[in-house]
Amino acid sequence: MVGGGEGSFIGAVHRLAARMDDQYELVAGAFSSDRERGARSGAALHVPSDRIYPDFETMAQAEAARDDRIDVVSVVTPNDSHAAICSAFLRAGIGVICDKPLTTTIEDARSLRTLVRQTGLPFIVTHTYAGYPMVREARAMVAAGALGTIRLVQVEYPQDWLSEPVRSKQADWRVDPAKSGPTGCTGDIGTHAHHLACYVSGLEVETLLAELSTMVPGRALDDNVGMLLRYKGGARGMLWASQVAPGDANGLRVRVYGERGSLFWVQQFPNQLQHTPLGEATRTLFLGMKGLSPVAVAGARVPAGHPEGYLEAFAQLYTDAAAVIRAHADGHRADTELDLLPGIDAGVRGVAFIMAALRSSEAGGCWTAIED
Amino acid sequence: MVGGGEGSFIGAVHRLAARMDDQYELVAGAFSSDRERGARSGAALHVPSDRIYPDFETMAQAEAARDDRIDVVSVVTPNDSHAAICSAFLRAGIGVICDKPLTTTIEDARSLRTLVRQTGLPFIVTHTYAGYPMVREARAMVAAGALGTIRLVQVEYPQDWLSEPVRSKQADWRVDPAKSGPTGCTGDIGTHAHHLACYVSGLEVETLLAELSTMVPGRALDDNVGMLLRYKGGARGMLWASQVAPGDANGLRVRVYGERGSLFWVQQFPNQLQHTPLGEATRTLFLGMKGLSPVAVAGARVPAGHPEGYLEAFAQLYTDAAAVIRAHADGHRADTELDLLPGIDAGVRGVAFIMAALRSSEAGGCWTAIED
Amino acid sequence: MVGGGEGSFIGAVHRLAARMDDQYELVAGAFSSDRERGARSGAALHVPSDRIYPDFETMAQAEAARDDRIDVVSVVTPNDSHAAICSAFLRAGIGVICDKPLTTTIEDARSLRTLVRQTGLPFIVTHTYAGYPMVREARAMVAAGALGTIRLVQVEYPQDWLSEPVRSKQADWRVDPAKSGPTGCTGDIGTHAHHLACYVSGLEVETLLAELSTMVPGRALDDNVGMLLRYKGGARGMLWASQVAPGDANGLRVRVYGERGSLFWVQQFPNQLQHTPLGEATRTLFLGMKGLSPVAVAGARVPAGHPEGYLEAFAQLYTDAAAVIRAHADGHRADTELDLLPGIDAGVRGVAFIMAALRSSEAGGCWTAIED
Amino acid sequence: MVGGGEGSFIGAVHRLAARMDDQYELVAGAFSSDRERGARSGAALHVPSDRIYPDFETMAQAEAARDDRIDVVSVVTPNDSHAAICSAFLRAGIGVICDKPLTTTIEDARSLRTLVRQTGLPFIVTHTYAGYPMVREARAMVAAGALGTIRLVQVEYPQDWLSEPVRSKQADWRVDPAKSGPTGCTGDIGTHAHHLACYVSGLEVETLLAELSTMVPGRALDDNVGMLLRYKGGARGMLWASQVAPGDANGLRVRVYGERGSLFWVQQFPNQLQHTPLGEATRTLFLGMKGLSPVAVAGARVPAGHPEGYLEAFAQLYTDAAAVIRAHADGHRADTELDLLPGIDAGVRGVAFIMAALRSSEAGGCWTAIED
């Protein structure tokens, strides 16, 4: 693991997710740019002291030289450092599980993509919501034609936690362009919404028209974004993401409408999926019920009616990644776009999405292509 | 009443709404452009045969000449005829309750506004949703500063009934440009969403950016519209209206976000209003509870927990209109914008909204001012 | 109308319900036991002064003697006076629409039943919840075998309004044994719950085991009741009614479980009905959707997605009663138990239910038969 | 661990729960009464072969003799074997985490209690629902007097999975008196409902009146149970548990009503808690929001709006148990009733509850004391 030292939220989540299905062991890390803190963090995590590294370059080289080298590295640092860290490990021949967004510039994202293709190494981007079984059920239903041709995709991601000026470790880097990249809300959560809309609908956004706004005075980055989207093939949609919307702590929701029906999924109640066949009553599908697709069945750890949540979704990505990593170890290439698991292509598209939104908004609102 | 003969849905709704609170008696009408049908409809409604008229011009002149003339006329015909009918009655000195949208051209709308101002007669536009008590509670709370400065207004109005090519009296004129005007979904339900967003937030839309789409092949008018909105004073918002969205029969919903909290109202569960003070738990306010504002208290007919609905909201507009009509009969002018009741200004703004959306979309998506 | 003078809640509701579908005209009444108040109330309702009566006996005799006599009388007085009033009108040859519960003693209830059978006159008891279209849909589905054999019926009716000692016209008589009869909560709302459970399931309660409790110190009657129920044919169930349950203003809910599925209806969201076929997803049926039974279709006044409520349900009983009254006027007997409309038998069973609950509770909890 | 071999559901859940917060390591076990299967199961779990035991007696003795003996044993076998297994480990000086219900006879339960008191060893019963943070929030609110004196506790636990005759490893032992004990539904899930009602309300049931029923022909044990409950101090309540109720996979819900308000918690949406102060709007409290009690804050692993579920609740019990075990190792007695964690007393009361329900029902319905 790189990053994730004392006080890191997302680092602890990655570790818990990795541990849940008993597929990983944490054996090495560069947990902090502060050497002492890194050492203390590693010790608390029972990492052998000779594998607690002062920085990621040292770690990449030292691990690459070991016989019992790590199988994969988790990168859980702020956005601006992803490119350099991921590159170092890929060059050292080690696969990567990287937090999103992939990078803060599209050039870095494309370079990483090149590197992944050259090396053929596993590369996973943790768009967590792709790990929820009922999201995968939705994706499978759309792919199987349950809705007919898709016409509309409406996605939204309201949060409330930046409604006022906030000071905290989590908040500070998210409103700092140097660490977050050129957008705030758009990159932090808009990119999750974009990925989810595409993941479920099976469509790609062709062009978008965005307005980024900053509602809290003095904030350097956007805290609200509204978009109109045109998907390849003719579907239309809207995307809203906000960090200044009291009422939802983490209100990610996606609705997909086709000629023959619709699907509706809400992250805060993730074990349900509403399916309305055109002209019929809405059905509330639920995790663990009979008749779900194999991908949803595979994601259930407990029987129907026993709720699962965010950590299980995150664990699912790690467990799926373990399969990819094992396959790679057995000699299979892992650089082609993965089916259920977001990989380098999803990562690059996420960055391209951010850049297109920014360009559209700065131009005063005009249709802008996503160039990945 | 003009229109509302046999087979008319909205005519029957207007009559029931007028009857509910026992403030109106139906005494005259021109119920159909088909003379026999009009006579038959009037007779079925117990209207005296000498006050069943073959057309609206005859009715306006004949009623104007009677001592026991009607106090007000309800206009419930397709959109394209509103301008001529309303003008005829206003010129005859008779106030009007008119269905929305007001007219099919902005010029007609402005002419009506001039006429209303010249005559000082009562003029009500039936944006029904403004009659729900909990919508009025929301408006009162915003006006009282419960949310602080408003930052965001998100409104949506999905329906499913035109997801396939549909043939019916209700559907036919709504997809016919000659009767509906130059838009379909935008004018039919987008205008309700626009009115509701403004009514609750107390804000006016300054400019908008819209994309009108037609999802059902062969349809002449839009059946889906997405918009970005800039409100006067700096608030931002989005508006989505669709007639091809399975899952909601009539899914009008509005969310208003301010510095200090938010409100959320859903038409299909109209007796509730969700209020989230920033940083606190969401409160589910409900019709009939203690502590609501006088406007919400006034709109409740039964005790808390006994649901009221669309017909009661419609009745509220008629009951409020009765007060305006009586005040006018007592010598008060009634042409200034009414507080709770949508009047001519709301009507004109509604048409201007439709025209701005159309222009923006035809221009390929650009910010367009609402010019009323 | 007998009762329903100034300040009466339920009288106004009956009048509005009668007016809604335009099937009734209010032409006579004895609105109050206070003569002046009765006269004032009648005048405000535009009742001709010669048909405003000082008391119900005078009214029954005078109306019976007129050629244009009333078609039916609505009895909306406190429970203790129902028996005498209903008897007077039945003896005068006039049909009755009576509020529930029918009487305060089982002997009175049985006497009324005898009288109804002797006269063959229309007699309706306003168990309002039987007027909701989706309740009728549920009843029709059970009757059609959609759930298979019924195993369980769970019904509950929590209210909060008597959580503290309350003084008001509505509250006073409900906690006064002289006016309410020997029970409080059990007779006031338990009886609605009992009727609804039987109405939807098509079953009759054979024996019950009840505990009536009084939670507010100093109250003379029960404000909470819990029951176990055995239905004829072997189904089991529970019933809970409470007036001291904060959280629901009027929380009537019924769930019916059969071998092949279940139905769930909630009065506060009355336009929905949840149907779960065994092993499948829950379907949310809604008023106005395609495929409902004729009885539910007949009860819808506006299109799907436009909510209807308590007043429409009440109006439905009046509209159905109008059909019974007309049929009677055309020479048909009306004393047999009506299909959708609660009549004298439902009324008597309601009183017998109250008496059985009281006996069971007073005996310290024992299985007690309902003897109607 | 004793039990939990191949194909065991609850064994895998216990292991995952123990692993989640990184407080346990699985080092020994007697995983199956089938020796080969036990060995295979242990090997798959990476348990050293010398600590995979053929039966629980051998394990208890062998572990007791080791310096690196286990700190605690998890007992996850069918109900009938709990007493013997727990006794063996307690006698060997090893603390126990035991699945519920504790035993199949009250005598066994009491003997275990005596043994726990004699040894002073840690003993935890996994009433999982006591691990949900919002359940603990509810308990803390009641204890702090937020509802005033408690008047009513309504608890229900409908499931659907035994609506038809079912054959599976999970179903078979649950409908077999030899393995489950003398009740089915009552012991399997009624006991969870009973514990939850007491845990949240802080009350104990004094007497109960129950009817156990068997709805599926040919089934040897009850699959539905209804009860009236009298709590010590005067509160009243009802309890319903069913395995033949389509519509809920696992519908545990509890409502607690006091003089000043109510609380409502639903297991299928566990991160919410509804609080209605008397006369005010319902507040939807949620995991991670500001202002919760320390016990709810301590139970949150991810930020507000990121759902947690059943496995996290189960993990919470294990994590709390780890604290108890460490405290015991440091010389503290652990046999007194634990505050947040269900211990031996809760286990004995659970068995006494089952026996009282059975006696009441067999007597044809009479108030029966819980004798623990």
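Note that the chains take the letters A, B, C and D in the order they are written out, and that residue 1 is the start of every chain.
One rule holds for everything that comes next: contacts are C-beta pairs under 8 Å (C-beta built on N, C-alpha and C of every residue); 3 or more make two chains touch, one makes a residue touch a chain.
Note that the structure is predicted; figures quoted are calculated from it, not measured.
Trainee: Once you count every C-beta pair in contact for both, which comes out on top, A-C or A-B?
Mentor: A-B
Trainee: Using mean Cα positions as chain centres, tell me which chain lies farthest from chain B.
Mentor: Between chain B and every other chain, the largest centroid distance is to D.
Trainee: Using CA atom averages as chain centres, what separation in Å is found between chain A and chain D?
Mentor: Spacing between the chain centres: roughly 36 Å.
Trainee: Which integer distance in Å separates the CA centroid of chain A from that of chain C?
Mentor: Whole-Å distance between the two chain centres: 56.
Trainee: Rounded to a whole Å, what is the gap between the Cα centroids of chain A and chain B?
Mentor: About 43 Å separates the centre of chain A from that of chain B.
Trainee: Find every residue in chain D that makes contact with two or more other chains and list them.
Mentor: Residue numbers touching two or more other chains: 279, 282, 286, 289.
Trainee: In the complex, go through chain C and note every residue touching chain B.
Mentor: 9, 13, 16, 19-22, 159, 161, 248-251, 267-271, 286, 288-289, 301-312
Trainee: Using the touch definition up top, name the residues of chain B that touch chain D in the complex.
Mentor: Chain B residues touching chain D: 275, 279-286, 289-291.
Trainee: Could you pull out which chain C residues touch chain D in their complex?
Mentor: 151-152, 154, 156, 160, 163-164, 209, 211, 213, 215, 224, 226-228, 236-238, 240, 242, 244-247, 255, 257, 259-262, 264, 274, 276-279, 282, 364-367
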